[in-house]
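For reference, the structure discussed in these notes is given below.
Going by the order they are written in, the chains are A, B, C, D and E; count residues from 1 in each one.
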């Protein structure tokens, strides 16, 4: 068998190859077209985003610093962040503030996760149809991965069902693979890396994950996963300098954005405002400025 | 990055800001318009309400003092309370008494909750479609929150499903986060506060909760939750003076109403009548009269 | 055969007989209970009602005197009328004004009728589900009866379908049999009388018809039809004295109310206000005062 | 009867009255909240909008000056218009251009109307579900009103069905009552005025109509209809000065925006660009600048 | 108003612009991804295709030269054409012949059109779900456009419904706007040009149309429509030289392929084979070879 004739130069990765100009216009559907539109609202013209998460109440209750999520939106809305991640009640009630063309994007935390003794349970807080009615630009779900094999089955099914339902409405899905155990253990990076891969295999549109600390490894993740990766902030801690360095390192390694909440809004407002401006300039700085 | 141009005076909270006069008339739906109508029937022109609950039989059976709920409605209907909270059978059978324009509002206790050894179960006693047929002004569900994480998932899902179904009929939903264990324990206030927050995140329209005893904390809850909060009475106990003081304190701290049953109708009728009048005057007293 | 044992004193008509105490509480459904409630809101405690119709725009466009139906509602709402008959857009947008327990009832003009050369067509302007969401107390449809046999079939079917759909939501249906031809001809009374009967046979809950001019005949109609009959006003004309006499005669003959619009709101507001007060006192006067 | 007690100062129109602060946050639904958001994207912070229509191909085929609607979008997108009105194919294919937070709003021309000899027919070009997937901010339908009564029934039904379907997705509906006959005849203003009223009664969220030429009459329409009115441009004709004056007069009389296509894009691009700038400044000029 | 800041260099047409590499991988859905795959099977790596249609029996019955469509498939399958256009029965029965990776693509003629005296009727011959089960690469429908306005409404609706159904299965739709009257008349080009535009506005993925004879006009169509255009052959006639020149002209002007049946398979097989080879070389010749 002559193998030579099969040896071709591998094509570029599909989405970075020059678009097939003939039928590209035909290969969309209403739903994929809507997804393109909504992802563009989340990631903007430079493909980068700073999302401010304030959805913690959907699982943690009356979190310190986020006792009043509507007030938090009110405080941070005039700043230049690219989007908010919020629970359904807050999105429903703050709609008038986002009712303008220059408003930030909105991602809906559509699920609630509860860890029982044996197994955790994920539920939808609101139906996908209602999420679409609200006009959000995407939905976000948690994917705890430091769990038993039985629960991994349940989590995989949940992620798959949410992605399926979201496709029917043209809504992108952000999946957050996470180790919830405390302390997080030595194998946390490996577990979260596996979770990212599982999320990508299931069809997640955006992956949110803790920065693994290792720029080389993280860079590989960003390349391999094939969808934009944004990093989370985690519990408050460290100083603003640490955070700025972490974000710089992550963005340089390939992150497409950040969703940092507690480490931002658990600070005094003046400090938070200054920090937000600094993070925005890191996230959106151009190649030339690096 | 020029942060200055983004630093604006934060807007007022959406629902207290002057309505956008241009398109406000267009931003309603049949369902939201119906919700506006029904909430107005519950809270009246001054935005305050005294609801008399007599739905206890849907979970507790033949409660002392409420052996005959139809008779209780008959007794209290001529008094000036703003609404009743009743089970489906009682609402169905007492309809002729409420068939007039000046009748009190009716909230339907649409669920029944049963605590098993491991996990509790909430069920709908009647479908949302039947609730809508009955012409009630809203539905009410219990949200026990001193439960395992697994049950919290189930409760969150139940609350979300009821709110979704109610939206399709334009019916407001009152959610009652509650600690059912006895004794209620030291952390009862924190648990109920988290439950209130969860209910608000899920989109509850009205929150019913025990007064936490601390006016400062309760005032924060009322501000943060963004929807009207009404307090419950709990088991009979204390004298009328205590109750009047509790209601005064709660209303002053931001409550929009009360739903007090056993502590009212487990008294002799003359005493209950007098107490009801007193509570009504507390609930509806104007700013000037305070 | 012994016929004697069948010769009994005829019972009273069912709805005027003392309630069958055994199963009355059980013979209701959620829907029938809701209908009882809503009819009570329309007819009030004395079983009489003055409905102000301002729905003409749903067929006649920008009617003189009703160019601005929302303004008309605003003007007449503070007066003491028992209800309004309005189109869907107006009901949706004026909901905040009716959001209180002492507000007038609202009937929704749910259809639109257009007379073609050969046959007329009735269409629903809004679905019954949306009518129920809005929280209206009933729906109203037109039943033109000076039509061909083919159209009578279509009209009967439409009335039947609307009544069927309304039952599923517990909504009473007001049917208006009418001769639309102009001039109305000599047989107008016979045709409208037949139309009333047809509406009653089909299950209409309320019949709205022009006063036939003959109190004896009208009295028979009211007795025979077995459901409340309200009279309409028709085009403006005559003086207020004529109208008051017509209403007095109709109410004395058995009418349960009036729905008079153009003859009321096409007058100057002061005159209309005074006339409304006069009509209200006629409609609601007690037996003793007659 | 004591009328005095009912004589109150009429309330302000619901949407200009101060929002009822107590329960306003509760009276929304997911759908109404989404409508608020989408209307805000269309009308912006000043409640005014300049929509560029390029949907003519969905009925007129290969229109002169609009042979290539995608190219037209490409040309005009960099200018500062507030929105585009486009057919489904064009919206699906141009999604990447609108995929950013500062992009213009998009309204979808969801229907196609064809006038037969006896009766015209309206059809949906794309389902409402697909419109929602695409992420458009609203849908627009034509409502020809110079038609037979039989067709008026069909048009009313079509408008009602589209509004019902759109509500389920939180999408606002722009209805365009229009006289399509040529010449348009003497009664064109009266017919279009009746059509506007009918659209408002049926629940249209935005009304698009030809400027009737009479500022006093148009001002009344804008007040009466209770929803924002935008004017259309009609066939090309007249010079830019005429158009600027027409727009000025219409905006001063109460219009909330303009949707002018052929009179804009059938000009040379430099002229069109200059005219667009002029129209934008007229539409958005503030009270002080008038 | 400063227009300068809005004056940007217009972007490239979305599908020829460099893909936004960040989120392109995320903006697909299962259905759009399937459409990409299927379109690639139809158009191949050079974006051009020669489809052999043999579906005529679905409307014309026992066509001369196509009495036995299965035999025709058997005859032409070994030749190097890119695809077949076949009716459902033939596709179902010839599946084994196409059961290999190097087999031609298959488009399913999913409809049947019948012209009555007043109005024509399009019906689906097979459901879209069955088309998907068959594993075809696309479906094709006829869109007669030399029809009354009433029928244009019906055709538009049919095209819209088929496109909607096909999207749900990830199937591309080829629409064929056509003048069926004979003789075809002077305005045939204008009518078919309008039909192409209507098909594109409705979201057709591929347009099949008769070559209008004018390369300049046809080139504009190909640019404007934004989706691949393939030309049809029409009834047999002319010699092979004429046909080759027509195809050359069309491909040079922008066509992406041809679907020529009768003019091919109504010839003797040797002649047809030779002609097919010639047409394939015209369709697939590279830029350099032109």
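Convention: contacts are C-beta pairs under 8 Å (C-beta built on N, C-alpha and C of every residue); 3 or more make two chains touch, one makes a residue touch a chain.
All of these numbers come straight from a predicted model, not from anything done at the bench.
Centrality by Cα centroid goes to chain D.
Superposition of chain C on chain D using C-alpha atoms only gives a rotation of 70 degrees, nearest 5.
Our note on geometry: chain B versus chain E, Cα centroid distance of 62 Å, whole angstroms. Chain D and chain E have centres, each the mean of its CA atoms, that are 36 Å apart.
Shared interface positions of chain B, defined as residues touching 2 or more other chains, are 14-15, 17, 20, 25, 28-31, 36, 39-40, 167, 170, 203, 226-227.
Remark: chain E residues 1, 3, 6-11, 13-15, 17, 20, 148-150, 152-154, 156-157, 160, 163-164, 167, 190, 193-198, 200-204, 220, 223-224, 226-227 touch chain D in the complex. Those residues of chain D whose C-beta lies close enough to touch chain E in the complex are 55, 57-58, 60-62, 67-71, 74-75, 77-80, 87-90, 92-97, 99, 112-117, 119-127, 130, 273-274, 277, 280-281. The part of chain D that touches chain B in the complex is made up of residues 14-32, 35-36, 39-40, 42-43, 47-48, 167, 170, 172, 203, 205-206, 226-228, 256.
Residues 25, 28-31, 33-34, 36-41, 44-45, 82, 88, 91-93, 95-96, 98-105, 126, 130-135, 168-170 of chain C are the ones that touch chain B when the two sit in their complex.
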